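The structure's right below; bear with me while I get my questions together.
As written, the chain order gives the labels A, B, C, D, E and F, with residue 1 at the start of each chain.
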């Protein structure tokens, strides 16, 4: 598998096209991200991943923008350039302002810092946090 | 530094007490987490960390609960048991419901999965995500 | 140390050449990866790393291809672009098919997801998994 | 959500029981791991995760034991105690010997080391690894 | 926020300029890193981060070069290309020799390896390491 | 392999004893860490890992205490409880003071924070950092 090979709509099998069509319809867009075009070499994973994403990222107890912010937080923590770029874009289309992005980054940075302080000092979990 | 040594309020220096007092007042609580009691061996870091947290986690473009959810997302990604326990507790006190926790975990899990799929397949960043 | 400086065979010291020669002979190739050419600035680490790799990656209870798949799994989890590219290449030369790559990625993605679900929900280890 | 609350079969909703039944039947076992009992608080994630695992971990181009080894490699890299314990157990039931475990650990350790050497020295990807 | 937008001194607000001026004076340089120019979109984080860095990285019980080595160790472990490049540069200006860089990388590599061996084999912490 | 099984000196094979003896002599101690006793199930990895550690952690351009600090920095970043405990202990025996530990933790925390800020804002590497 080449790192650059992407399966375009015109070249896709019916199975892949069905997923692409659902992405386009669900997201009300005419654009398929490179991520899906790369996954399309493995139709089973393409379908499973898209259906999971669709189920998870839709509205629920958390709104779609909050979910995008959480997605970015994970992607930044993992140093995943593709996911940072694509989900920052998604979050923008869902209303993320500059101020929100700045606060998100500040929280992500601080959490990564205190995660290490608590590990490094081997802080024991407070009893009251054990049952919640 | 022992992994268990915690500095209680009664044993704290005036410098440390001043931070403890601010934590108690800001959070409207009578409880100091073990994290702060462990950091108290290094008053400079205790003070700097608390003041950063206080500045970052307060209300802004993102509400305090959303910030807690982001904090949990980072802590889970980093496999930090202390931070998962303490921020799950914090989020509960700020109104996180079971449904919100479930959706948070689903997004965090999925993001960790697709972070690896995009890395493993070496997906190139879409041009349209480069300038945003 | 420049990020681009690589020590070519023609410019290598006898100590470095001895390692290069062993890599070429062991791998039955006429190509030295950039990784080794970069490590060559530190002959002690070059030699130690190569000898460890040679000992570890050879046939044993696990076959060399399975070891490459495991190497890729780690590299993808760590978001290491160089290692993903070089070990995907190695795995290809050892017989990895597209189907195997797809299944590898699916497992790696899923493992990264459930690692976080188990951490986030703070699942206790089953007693029966404690002694094995 | 308590870190200890697990939903036992007897207390499970029909929706959760259906998943438990499929786990028991698919794995030909009479035991449900704590992981599933913790996820059961969120039936949608329980079902989605189980169905994904079932699809991914079954036989294919890679045999089920190889997939368990890959799962362990990821879990060790992520320092996930629960997943290390549970998938080491699974791999044992699928035939992993001591020798295989030892070789797996040696590869995982070495991959984590060279991932950092290549990052620290900022090794550029060899041209021949770009298209594969 | 574009990934490329950097706020140059000439375009900076008085608030941002005050931080830039302090960086230039403290570091006795006429160069502001891209990192600060990117953070400048969020003056609160720019100021807080700079003041924390200034407090932490100055001389103390550990000398500034040792602190840079530690900074690189973290950045390499996290696979952060920007931080590896910028802190390798910083360490060079503070006297890091090639030999020091090589030993640093060897330690970082080995630590990443044994971190996984101890996790994978689930080694229990020695009693004597519990109180220190 | 049980997570608790440790091979004591009295029960060790001659091959394992030879490594234990070298650890005891090199470290001028009468204590073998659990880490080595767990690795002893795989004599090849025990020997290779010990010889690598011995070569890497000895005095060189960096002194042994500095190397221990770097080891802790990596272990804290990776959230590895065993390695944090054992290398904090080692560093103590090599002269690490409370002040040094505090400064170490402060640097590790801050590096983990700025690693994410630079990733999240997708900061481009400064040209002057490219060749060093």
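Side notes on the structure shown:
As a working rule, a contact is a pair of C-beta atoms (placed from the backbone, for glycine too) under 8 Å apart; a residue touches a chain by one contact, two chains touch by 3 or more.
Here the structure is a predicted model, which is why all the values come from computation and not from measurement.
Common partners of chain B and chain D, by the touch rule above, are A, C, E, F.
Counted by residue number, the contact pairs of D-E are over half the same as those of A-F, the matching pair from A-D, B-D or A-F. Because chain A and chain F share one sequence, their contact can be compared position by position; here over half of the interface residue numbers appear on both sides. With centres taken as mean Cα positions, chain F sits 27 Å from chain B. Note on chain placement: the centre of chain E and the centre of chain F lie 20 Å apart, centres being C-alpha means. Shown for chain D are the residues in touch with two or more other chains, namely 1, 3-4, 44-45, 48-49, 52, 77-81, 85, 88, 102, 104-106, 108-110, 112-115, 117, 119, 121-122, 130, 132.
Residue ranges on chain A touching chain D, taken from their complex, read 1-4, 44, 48, 52, 55, 130-132.
Note for the complex: chain F touches chain D at residues 1, 3, 41-42, 44-45, 49, 78-80. Residue ranges of chain D in contact with chain F, taken from their complex: 79, 85, 88, 98, 101-102, 105-106, 109. Chain B makes touch with chain A in their complex at residues 1, 3-4, 31, 33-35, 38-39, 45, 49, 52-53, 56-57, 60-62, 66-67, 69-71, 73-75, 77-78, 80-83, 85-89, 92, 97, 99-100, 102-104, 106-108, 110-115, 117-119, 121-126, 128-130, 132. Touching chain B in their complex are the following residues of chain C: 72, 76-77, 79, 81, 84-85, 104-105, 108-110, 112-117, 119-122.
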